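Listed next: structures, encoded as C-alpha cells.
Presented sequentially are two complexes of subunit A, the first with subunit B as partner and the second with subunit C.
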Partner chain A sequence: MASALHTTDLRFVYGDRVAVDGVSFAIAPGEVLGLLGPNGAGKSTTIKMLIGLLRPQAGSIEILGMAMPQQRTAIQSRIGVVFEEKNLYPTLTGRENLAFFARLFGRSDVDLDHLLERVGLATRGRDRVSDYSKGMRQRLTVARALLNRPDVLFLDEPTDGLDPVSARSIRTLIREEAERGVAVLLTTHDMYEADELSDRVAFIDEGRILALEAPEQLKLRHGQRAVRVRYREDGQVKEVAIPLDVAAGGELQALMGREDLLTIHTEEATLEDVFVELAGRRLE
Partner chain B sequence: MGGRANAVAAIIAKDVRLFARDRFYLFISILSLVFFGGLFWLLPASVEATAPIGVHLPDLELLLEQRGAPPDALDDGLDQAGEQGLEIVDYSSSRELERAVADGEEVVAGLDFPADFLDRVAGGQPTTVTLLLAGDAPEALRPALAGAVRELAFTIAGEEPPVAVPELEEMVLGVDRSDAPLTMRDQLRPMLVFLVLLMEMFALASLVAVEIAQRTVTAVLVTPARIGDLLAAKTLFGAVLAFGQALLIALVTGALGHALGTVLLALALGAVLATGFGLLAGATGKDFIGIVFVSVVLFIPLMIPAFAVLFPGTPALWIRALPSYGLVEVLLRTSGHGDGLAEVWPHLAALAAWCVAVFGAGTAVLHARLRRM
Partner chain C sequence: MSLARTWSILRKDLRLGPRSPVVLWALIVPIVLTVLIRGVFGGLFADQPSLGIVDEGSSAIVAAADHLDGVDVRVLPTAGDVEVEVTDGRLDAGLVLPAGFDEAVRTGERPALGLWLSGESLPVDRSVLTVAVLDLVREVAGDEARASVEVVDVGEAGLPIDLRLVPLLVLYAVAIPGGMVPASSLVEEKEHGTLQALLTSPASVGEVLLAKGAFGVLLGMIAGLVTLTLNDAFGVAPLAVVLAVALGAVMMAELGLMLGSWSRDTNTLFAAWKAVGIIIFLPAVFFVWPDLPTWPAYLMPAYYFLQPAYAVGVEGAGLADVGVELAIGFGICLLLLPPVAAMGRWLQVRLAAGRLPAGDADDQPPSTTVG
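Let's look at the complex of A and B:
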C-alpha cells in the first residue's frame, strides 16, 4: 500500500544543537504511528517540519503524494493538527472557533453541530471557550483538526493532562478516524495510550529514531516477559517475578504447589521498559 | 471569492469580533473619543498674545543716560504704546537679532536700531528703524512696536518732537501668519487626533501579541491561510479601525472644515503609520506588559511634534524629522491656518515616506516573528 506520509533523512539544527538528525519513516493510510521520546528528543521539531511550520534543512517529506514544503498549501488543506497547547480564541464560542477555521479551509459546508456532537460539546457550542474546562478545550481542538475531513492527522500530546473520561473519548475519536483510513502521527508521553492506539511505535532520542516497530514486537525484542507470583509465608505476603523463559522450570512448579499461593499473573515489558533498554534512560 | 481573499476576510471578521468582545479596548477606544472630544471643546477658542521682543541698539542704556533720558525709556515707550507684558531681550548685533527672530525660539519680533539712532533723533535728522517679525508673530505687535519706537524718539527729543516720526521698515521672516494666531483648540487638535491614532496602535499591537502568545497563529498557519493573508488582514483591520477613529475625532474637533481631501489623505496616512507601529509593537512585545513597554517607547517620540506645536517658534530639525511631524503639520496648517494641498504637500510627502518605511518595518518584523513560531 502507498504510504500517506513518507519522510527521508530529515534534519534540522537550531544553532549548534542538532534537533532532528536523519529521521526517516512512513505511515500508511489507516495506520497510527506513535512517536515517543523524552522532552527535547526532536518530536516537536519533526512535527513542525511535517505540518509546514519549519522548513527542513535536509531530507524530504512527501504527504499524500505531494512534497512539503513545495506544495504546502495543497497539503495543509488535507491535514489536521492537534497542538499540545490549547490554542483557541477564548473570547469566541466553540462554534465560532470552528466556523472561523472552516472558512480558512474554504469549507462552509461543514456540519458544525455534528462535529461538536462527536466531541461531546453539542450543548456547549454556543458558550465562550474561556468558560470551557481543559478537557473541553482539548476536545474542541480535536474537532478543529477534523473540520476538513483530513487524510493525515498530527496529534501532539492529545490527551495530556485530561481526565480519564475526556482522554477516553479522544482515543475513541482517533481510532474512528484511523478506521476511516486516516493516517495518524501521534506523539504522547502516555505509554499506555501509545501501546493502546499505535499500530507501530517509533522511539526518538537526541534527534534520531532508535527503534520503529509494532509495540508487541518491540516488547518482545527488547523487553522481558515474566510470571509474577504472590504467596503468603510466615504470615507475610511475598512476591516474586520469574522470567518466562525460565518459568517453565522448577521454581515456578514449586510455587504453584504451595497451599498459601495468593495470585499468579503473566507480565510483559512496557514500552517504558523498552525505551530504557534502548536509550539507557527513562522517558521523562 | 478567491482562496486568499476568503482567508483575509475570515481573519478580519474574526478580529472584529475579538476586538468588539474585548471590553478593555472597546472602553479605551470610546473613552478616548469622548474624553479628547470633550477636552477640545473645553479649551479656549480665542488667543491671548504676549510676546518677547528683541532689540539691537549698541550701548542703549549708556546712550540714553548721556542724552538725559531714563534708562528704561524703551520699556516706557512700549508701555505707552499700549502694549502690556512685552519682554525686551537685548542683542549685540543685527545679525544675532535677525537669527533669533527667524529661529523664533526666544523672540517673535525685533527692533533693529541703527548705531546713530540717538544722534540723529536728537539732531532732528530722519532715521530708519528695522522691525523684524517672525512669521507667526501676532498682528497687534506691528503698530505696538512702531508706536514704541515713536515714543522712544519723543522721549529722547523732549516734549515736542523735533522731527517727523522715524521711518520704519518691516521685514517678515518666513510665511506671514501674523494675522492668524492659533487658538489652544487649533494647537491641540493635531495632538488629539494623534492620541486617538496611538490608542488604536496599542489596540492592534495587543491583538497581534495575544495571537502570538496564545499560539492561535500557529493553528491558522497550518490551514491553507498564509502569513501574507494574516499580514494583509491585520493591516486592513488596523488601518480601517485607526482611520475610522481618527475621522471621528477630526469631525468632533472640526478638522474637516477645510481642505477635506487633504485632511482625509493625511488621516489615512496617519492610520497606516499607526498600523505599522502597531504591527512592530505587536511583533516585539511578548505579553501585555511587553506591549505596554514597547508602545510607550514608540509613543513618546511620536507625541513630541504634537507637543511642539504648543510652543512658539519653528520646531528643531530633529523634531521635524520625526514620523508624526508631517501629520501634525498638515492638520495644523489646514485646520489652523487654512492652508491647502499646495502648501502642505511636502509634509504629506514626508508622512507618506515614513508610512512606507514604518509599515515595511512592521510587516517585516512580524513576518520574521511568525516564521519562527
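Let's look at the complex of A and C:
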C-alpha cells in the first residue's frame, strides 16, 4: 500500500545544534505512528517540517503524493493539526472558531453541529471559548483538525493534562479516524497512550530515530518478560521475579508448589523500559 | 494569495473588533478628543445663523440667499409659518418678500421689507443676518458697493487653535486605529497561538498580513473621516481629503504590521509604539505652532498625508495644490511594502522557533522557514 506520508533523511540544524539528523519514516493510510522521545529530541522540529512551518535543510517530505514545502498549500488543505497549546480565539464561540477555520479550508458546507457532537460539545457550541475548561478547549482543537476531513492527522500531545474522560474521548476519536483510513502521527509523553493507540512507535533522541517497530515487537525485542511471585517465608512477604527466557522450569515450579504462595503475576517491559535500554536514559 | 481566505480573516477580525478593548479605545478616543477640543475652543455646538424666507412673488433674493456663506437658509410657504418658527426660536430671523418686491426696488420705490428677529438669537447672529439681508437687497437693486472694505486681522496671527489642532486629531485618529490595531491584532494572534493554527491551514503569512492591514486601513479611514467631519474640515475638495486620509491609513497600517510582526508580546508592542510614536506624531507639532521651522516635518512620513489633508480641509486648497505631497505619500507607501514583506518572513521565522520549554533543542532560532 502506498504510504500517506514519507520522509527521507530529514535534517535540521539550529545554529551549531543538530535538532533533526537523518530522520526517515513512512505512515500508511489508516496507521497510527507514535513519535516518542524526551524534550529536545527533535519531535517538534520534525512535525514543524511536516506541517509546513519549517523548511528542511536536507532530505525530502512527501505527503499524499505531494512534496512539502513545494506544494504546501495543497497539502495543508488535506491535513489536520492538533497542537499541544490550545490555540483558539477565546472571544469567539466554539462554533465561530470552527466556522472561521472551515472558511479558510474552503469547507463552509461542513456540518459543524455534527462535528461539535462528535467531540461532546454539542450543547456548548454557542459559548465563548474563554468559558471552556482545558479539556473542552482541547476537544475543540481536535474538532478543528477534523473539519476538513483530513487524510493525515498530526497530533502533538493531544491528551496532555486532560482529565481521564476527556482523554478517553479524544483517544476514541483518534481510533475512529484511523479506521476511516486517516494516517496519524502522534507525539505523546504518555507511554500507555502510545502503546494503546500506535500501530508502530518511533523512538527519537538527539534528532535520530533509535527504533521504529510495533510496540509489541519493541517490547519483545528490547524488554524482558518475567513472572513475579510473592510468597510468605518466616513470617515475611518475599517477592521474586523470574525471567521467562531463563525459564521457568525448576525455580518457578518449586515456587508454585509452596503452600504459602501469595500471588503470581506475569509482567512485560513497558515502552519506557525499551527507551531506557535504547537511549541509556529515561524519557522526561 | 487567495482573496477569499484574506476576506475570511478580515471578517473574523471585524467580528472580534467590538469585543476588543484596543479597537474600541482606538475608535472612541479620537472622537472624544475632538468633542473635548471643539467644546473647549468653540465650534462644535455653535450653529450657523438661520434665516427663513417667504417669497410671495418670484424674488431673485431667494436664489441669492441660497448661496450665502455661513448662513443656514430655509424657504417657507407662508408668512404665518415663518412667524411661528422665529417666535419659537427655531429660526434666528424671518424675511417675507412681497410680490413685486424686486421690481419696486429696481425702480427706486424703497418698498417696506419686514425682517423678524428671534428674541432668543445671539446678537452676533442678528447683526450678521441684518447685514446679509441688506446686502441681498443691494444686489437685487444692482447697486455697487459704496466702498471697498479692507479686512485687517489683529491679535494672534494665523488660524484659531481649534483648527490648528485638527492635524493632531486627524493624525491620532488615523495612526491609532490604522497602525496600533493591526499591530495589536497580530500580537494577540501570537500570544494565543492562533497564528500558528492559521499558518498550518491553507492561509499564508501574506494573506494574514493583508487582512490585518486592510482591517487597519478600514478603521483608520473611518476614524479619520469621522474626525474630519466633526471638525467640518473637508474644504472644497473632499476627494483630496479622503485620498490623503487613505494614504495615511495605509502608511500607518504598514508601520503597524512591521511593529506587530516584530513584537513578541503586548508589552513589547506598547514599548515599541511609544518609541516610534515620537516620529509619527512629530509633524503635528508644526501645525499647532506654525512659527516653528517646518523643514524637520518634511523628514517624517506622516507629514505627506497630514499636510494635504490640512491644506485642503482647513486652508481651502484644491487637489492640484497638494499633488506633490500626495505623490510623495504614495511613494512612501510603496517603499514600505518590501520591509513589511521582510518582517512577515521574519515573523514566520520567530513563529517556527516556537514557545517550547527552556532547554529544548527546538527552542532555537531556525535559519530557514517556509515562505
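Please note the rule applied: the second predicted complex is superposed on the first by the 283 of 284 C-alpha atoms of A that agree within 3 Å, B and C clash if a C-alpha of one lies under 4 Å from a C-alpha of the other, contacts with A are read in each partner's own complex, and residues count from 1 in each chain.
In this section, contacts are C-beta pairs under 8 Å (C-beta built on N, C-alpha and C of every residue); 3 or more make two chains touch, one makes a residue touch a chain.
Computed from a prediction, not measured in an experiment: that's the story for all the values here.
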Quick one: on subunit A, after the overlay, do subunit B and subunit C clash, or do they fit? Just give me the call.
clash
Once the structures are superposed on A, label A:Arg17 by its partner contacts, choosing first (subunit B), second (subunit C), both or neither.
second
Pick one for A:Gly42: touches subunit B only (first), subunit C only (second), both, or neither.
second
So, does A:Arg258 touch the first partner subunit B, the second partner subunit C, both, or neither?
neither
For A:Arg180, decide between first (touching subunit B), second (touching subunit C), both and neither.
neither
First, second, both or neither for A:Arg107, with subunit B first and subunit C second
neither
Subunit A residues touched by each partner, larger count belonging to subunit B or subunit C:
C
Just name the clashing stretch of subunit B against subunit C, choosing from 25-33, 79-87 or 115-123.
25-33
Subunit A residues contacting subunit B in one complex and subunit C in the other 51-53, 73, 76-77, 79, 81, 83, 85, 87-92, 96, 100-101, 103-106, 144
Complex contact set, residues of subunit A against subunit B:
51-53, 73, 76-77, 79, 81, 83, 85, 87-92, 96, 100-101, 103-106, 144
Residue numbers on subunit A that touch subunit C, as the complex places them:
12-15, 17, 19, 39-45, 48, 51-55, 57, 69, 72-73, 76-77, 79, 81, 83, 85-92, 96, 100-101, 103-106, 144, 207
Inside the complex, what are the residues of subunit C that reach subunit A?
4-5, 8-9, 11-12, 15-16, 19-20, 192-194, 196-204, 348, 351-352, 354-357, 359-362, 364-371
Can you check the complex and tell me which residues of subunit B touch subunit A?
3, 6-7, 9-11, 13-14, 17-18, 21-22, 214-216, 218-226, 373
